[in-house]
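Which chain is which? They are A, B and C, in the order written, and residues in each are numbered from 1.
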């Protein structure tokens, strides 16, 4: 059984290709934030997902760690793909989505980074009205993707997982989905 | 209370913008090498900073580790900003300024990398007569900054800290200082 | 005594410059895969190198770890240079050649990455008929080298080792060998 982590910055199209790939492979799809919310609700700490970030940093860290362990457990009996952030671009800088204490419990087999050209991402963000997204400049997008690559190799070093980059360029959705399916079937 | 690590290669202008930012925020400014010297002097191992590098590698490593712990302690009661090197360009390659054993004690909240274009850095190094600096070629400067980005994400993975890149381009000092102040005030 | 790890993607020319440099420095040259095979044969697990990859992943991991420790032991009495892969480009993505559990035992002083321009590497791979090599596109080569840089800084963060990049461009063999010799003599 495999445990795959899928990431991509807003506008990379990771959600789209994941949903399409899931029609073709037998994987349980989990979202990291959902599992954290589930755990925090069980503990009676929150009543919904929005309250998560209001918890003390140490509590959030503890829940983040437990979520990693719970996801790993689920992957014992079936293939699991988790979507989460490689790093999150915050005002204080790039925050690693999978710091050491999460990786120790999660211990995935593969990280997949869905990428696209900065100009493609910019246009997709303009078109996207479902989420609030900053119109980051192309250079910031490029930087974010570069920092994600660096972070992913640090994650891989701690876990021994592979890092797969999948380019999700415009007008190639079918081929891109196929590439993701291939990795998931390995 | 926050603990911020500020780095930038020679010519990045990190010292200039730090000094300017410190006029506007309430942060204790520490230099990693100063704290190491302080500890080594207390132990009667050296009489001045220059003697630090003559100590056995294992002793230096031990002092480097203790310095991290001491800086962390100081950050319990006030905001602290430490300036140090992300990596040091040595004849044997890029030496991480904050290896695992330092990060474990230091455990900062944010790493700030002050960057600039290689050609800006080259000109600044030529103009700078106060320190002995090699006239590295633009590509070497670019490489050093790239390796620092990679190193910083490894540091972030081990600590959970954020990594903030601040561009310090020519003729934008005020805006750059303001950006640093903003991060420090978060 | 020093322990140096030398890496380079296929076509980088790392083997060529290593062999030339070994004529000029007193280093024991080990190949990571050879040591792993040696250990697996002693344990009666395999009869030749090809059988290594047929072993269970956990067994391979254990042997990989022991190989690191054995190489480290050898470096106590003489200078050692090991050639291995920084990351291996697999269908599942970039696999770190030196994950945490290997680095803990190996604990090298320096990682050397031999690099070249993607177009140089492409031509060298076409000319090379001794190994089966995919004709990866230039962008894939560039990506692989970039991921290796990121991985190497994660390795350095865990070990405190330096990361030295040596450019092995066409028609500069002597100068390149000399650069490697210089690092090995440090």
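Throughout what follows, a residue touches a chain if its C-beta (ideal position, glycine included) is under 8 Å from a C-beta of that chain, and two chains touch if they have at least 3 such contacts.
This structure is a prediction, so every number in the text was calculated from the model and none was measured.
*Asks:* Between copies subunit A and subunit B, are the contact residues mostly the same numbers or mostly different, with half as the line?
*Replies:* different
*Asks:* For the Cα fit of subunit A against subunit C, please give the angle of the superposing rotation, nearest 5 degrees.
*Replies:* In short, 120 degrees.
*Asks:* Could you grab the centroid distance between subunit A and subunit B? Build each centroid from C-alpha atoms only and quote it in angstrom.
*Replies:* 30
*Asks:* Taking each residue of subunit B in turn, which ones touch at least two of the other chains?
*Replies:* Each of 150, 153-154, 157-158 in subunit B touches at least two other chains.
*Asks:* Enumerate the contact residues on subunit C facing subunit A in the complex.
*Replies:* Those in contact with subunit A are residues 61, 87, 90-96, 98-101, 103, 143, 146-147, 150-151, 153-155, 157-158.
*Asks:* Give the list of subunit A residues in touch with subunit C in this complex.
*Replies:* Residues in contact with subunit C: 109-112, 149-150, 152-154, 156-160, 162-165, 182-183, 186.
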